[in-house]
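Some structures are shown below for you to check.
There are two complexes below, and they share chain A, which is joined by chain B in the first and by chain C in the second.
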Partner chain A sequence: MQIQLKQLCLQYDCEGRKSDVLQDIDLQIGRGEFIGIMGRTGCGKTSLVQLMAGLLTPTSGQVLIDGEDINSRHYDKTILRGKLGYVFQYPEYQLFETTVYRDVAFALKYSKLSKKEVEARVRQALEDMGFDFAAIREESPLALSGGEKRRVAIAGVLAAQPEILILDEPIAGLDPQARDAFLKLLKKLHAQGTTILMISHNADALADCAHRLIVINDGKKALDGTVEEVFSHEEVLSQMHLDVSFASRMSKKLALPHSVTYEAFVQNLKAKLGGDAQ
Partner chain B sequence: MIQAQNVGFAYETDEGLRRVLHEVTLSIQSGEMIAVLGQNGCGKSTFARLCNALLPMQEGKLTVAGFDTSDKKMTFELRRVCGMVFQNPDNQFVSSVVQEEVAFGPENYEVPRQDIGAIVKAALHQVALDGFEHRAPYTLSGGQKQRLAIAGVLALSPKVIIFDEATAMLDPMCRREVLAMMKKLQAQGHTIVMITHYVEEAVLADRVALMQDGKILAFGTAREILCDKEKMDAAKLLMPHAARVYYDLLAEGITLPMCPLTEEELLEAICRFN
Partner chain C sequence: MNRSMTGQYVQKDSVLHKMDARAKLLCFILLLVVMLKAKTVFSYGLAAVTLVAVCALSKLSFSALTSTLSRMTTFLIVIFLMNALFFSTQEAIWKWGIFTLSREGIVQGLHVVAHVVLVLVLSNLLTCTTTPIELTTALEVLLKPLKVFRIPVEMIALVLSVALSFIPTLLQEADTIRKAQIARGARFESRNLIEKARSFLPLILPIFLCAFRRADELSLAMEARGYRGAAKRTKKAKIPLKKSDLLALGICSCICAVQFFL
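Moving on to the complex of A and B:
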């Protein structure tokens, strides 16, 4: 197992009262999995991934990455920083350099890569995020539009080529074309072996690319299974203020075989209507 | 309520001028709910920011609620009648207590102190945050925070409220909360402009403006725009799921009786097909 959470608990001090953010979370995540994480606002999903990234310290319990307890006094966190990339919820706030190039290259500054290798990585990351490298490299990242900033910030994380990629609501604010291109890129990274954990409210996007869904509700793990399994609990999810994908919802209403992706749903619908027409 | 004529705008960058708006002309009636759709960087937010003079006018003429947005003497008044709600409410909050947050606007506009209490109470009531007066904004949920941001805008009795991707970060339930709030405000006579990437939200609008590369590509009813494959393709946007199903079936020789805009209409169309 690449990531293991054991009896993980987190408490915050909120206006003098202790409040449980996460309670007794046990999770095992294998190398190369693509996991979607869902939950209503304030359920603790961001805290969960921040614990995995070593950005928060648990109140009790353990986070093991490749078998090592990352909160142990003897653990060297630079190892974790080298293998884990984290795209924050508003990644555009991470931008600070004078040019897009310098911003994306920042994470590679202290790596042992040559100048040429750095440039190749920056170019690749920016092109992967849908930019024309030559046109964008000298722009000020702060002069870009909201969605463009977000894509530059994500490129900065991708340039470091992390083994584990954690993304907190990365596709909100991207236009449909940028969103589709980004999901394709995530699928490509996944096919190349990257472990991906993505928080999203977008059930259609999760159905499209994740293989496993973890649903957090009220600080506890509520559901954990394949996308098909989790979306078959439409009523349970609705009580947690969550939606299933368009395909899942419609296939139920039309009494079609359960499908979670748009493509599979349209196939099933064609078969049904085409059959009826004949 | 909003009249734009040949509005143009370019940002200054080290590389020279970066043009983001090009001869934008459109007219929005009082009490309408308008959705603005378009790709990242197409000029949606720039246009919104010109509407309440967060950006200075460069070319053309833009009037909002009767105020000329290039008239610097009226900027203060303009911002009162044209409120904005942004994607991340945390960026908008200035106070550590909910009621002070809502009072911030009226205080700046020198509303008599004895009136402010009633204004704050009414604004919080309108967004269903009664009883939250003494809470800290950061303890609220995402949907509640966004509603608080709306209350802050309402306290100034604006005529126009612009929502710049105000639902992007919310979970489905909170999003429905904010959308219901927009509808309610429209029913009370406010003119609503929402910038969004969710076509399913644009369905709720009376009219939809499609933007591309700083221009208005099309402006019409939600159905005229969102079910028009050519226009949506040209703007590089996806149609709502229901309309996509219609066209994907059409390509296979299956013609539903109508092009549906919503899931309910899709169900109905499929029922009628059978």
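Moving on to the complex of A and C:
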């Protein structure tokens, strides 16, 4: 298991009043999984992934990454920084350098890579995000458009080539084309062996990419299973103010075999129509 | 941020919380004089007793009242040493180069530290028991006489209230940016001073941009809702000072007067 959470609790202490953000979360995530995380606003999903990234310290419980407790005193967090990439909700706000090249290379500042290797990685990351490397490298990141800024910022995380990639609402606010391109890139990274955890409200995107879904409700793990399993509990999800994918909802309405992705739904529908016609 | 912020409004049900902000601000100024006028044992005693009494009235926890102090420890030590070592060159107890440890200096240092501690706790009391909105409204009322000199009091009050209400938002954004840069491998600890200053660039620049963006959005939002300067604004309700507020003002004035004779 690459990531293990054991009895993880997180509490905030506000002047004597304690509020539980997360309670008793047990979770095991294997290498190379693509996991979607769902939950209504304020349920604790961002806190959960920030705990995994070592950006928050749990009140009790353990976070083990590759078998090592990341909050133990002897753990060197720089190892974790090299292994794990984290794309924040509005990553464009973290840009600060004078050129796009320097901003993307920032993540590699403390790595022991040669200049050539750094350039190769920056080029790769920018091209993955759909940029023309030569044209963009000397631009000021702050002068780009909103969508471009976001892609540059994500490239800044990808340049470190993390084994684990955590994304907090990465596609919110992207136009459909940019969104599809981005999901395609995530699939490619996943195929290359990256473990991906993606927080999203977009059930269709999750059905399209993720293999496993974890649903957080009121600081507790409510559902955990394959996308098909989780989306078969439509009522439970709607009580938590969550949605299933379009395909899942439609296949239920039309009494078709349950499917979660658009492609599978279309196939089932065609099969049904074809069958009726005969 | 895991730890809660210091000097921020804490909701409690106490006499101090219920007090009118205008009266509270005036009392604060009077007590500030009491704290700063302390010079002798008796006057320090009076200041300390007054402060403890007000603290007790506030029902705030010990940690809420002193949290600012623990953060300022280094500052307090530094100002003490500066006073102790540089204040006087006579009656040196110990001398080394430009440093002269003198009795006078130590006394002066203790005075300064004591005054700072008293004032810090007192201001903590004010900000922990008064919401920023109440505070700025009170300030606006108390500054009104300055309008005679064509000072735009309403504008100042608006600027203050906007600034105060954006502190938590900006702190939160700063925290997010800090985390984002740490996740990207930024390191904020370095022995080299120039390196250290440089390493804060990834934090400071985005935070500034954030603040400007917020300011831009807010001004647009205000204009979109028809805001045309704060002139001739009237209050929804005119609340007169309560008897208890006047009583508090009276007591504070008495303490202040006594302090001048001690």
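The rule we apply is simple: the second predicted complex is superposed on the first by the 273 of 278 C-alpha atoms of A that agree within 3 Å, B and C clash if a C-alpha of one lies under 4 Å from a C-alpha of the other, contacts with A are read in each partner's own complex, and residues count from 1 in each chain.
Note that in this section contacts are C-beta pairs under 8 Å (C-beta built on N, C-alpha and C of every residue); 3 or more make two chains touch, one makes a residue touch a chain.
From a predicted model like this one, the values you see are computed outputs, not experimental measurements.
Aligning the two structures on chain A places chain B and chain C in a clash.
Of the two partner chains placed around the shared chain by superposition, chain C is the only one that A:A53 touches, whereas chain B remains out of contact.
Of the two partner chains, chain B is the only one that A:G274 touches; chain C does not reach it. Using the contact criterion defined above for the overlaid structures, shared-chain residue A:F106 touches chain C, although it does not reach chain B. Taking chain A as the reference, the larger set of touched residues comes from B, when chain B and chain C are compared. In the superposition on chain A, A:G30 makes contact with neither chain B nor chain C.
By the document's definition of touching, of the two partners only chain B reaches A:Y262; chain C does not. Only one of the stretches 93-101, 111-119, 219-227 or 237-245 in chain C has C-alpha atoms clashing with chain B after the fit on chain A, and that stretch is 219-227.
Shared interface residues of chain A (contacting chain B in one complex, chain C in the other): 14-15, 89. Interface residues of chain C, counted against chain A in their complex, comprise 2, 4, 10-11, 61, 64, 173, 176-177, 179-187, 201-202, 205-206, 209-210.
Remark: chain A residues 12-16, 50, 53, 55-57, 78, 81-82, 84-86, 88-89, 91, 93-96, 106-111, 142, 156-157, 160 touch chain C in the complex.
In the complex of the two chains, the chain A residues touching chain B come out as 14-15, 39-42, 89-90, 138-140, 143-148, 151, 169, 172-180, 201, 203-204, 241-243, 246, 249-250, 253-254, 262, 265-266, 269-270, 273-274, 276-277.
Contact residues on chain B toward chain A in their complex (touch as defined above): 11, 13-15, 18, 20, 38-42, 45-46, 87-88, 136, 139, 141-143, 165, 168-175, 197, 199, 236-238, 241, 244-245, 248-249, 252, 254, 263, 266-267, 270, 273-274.
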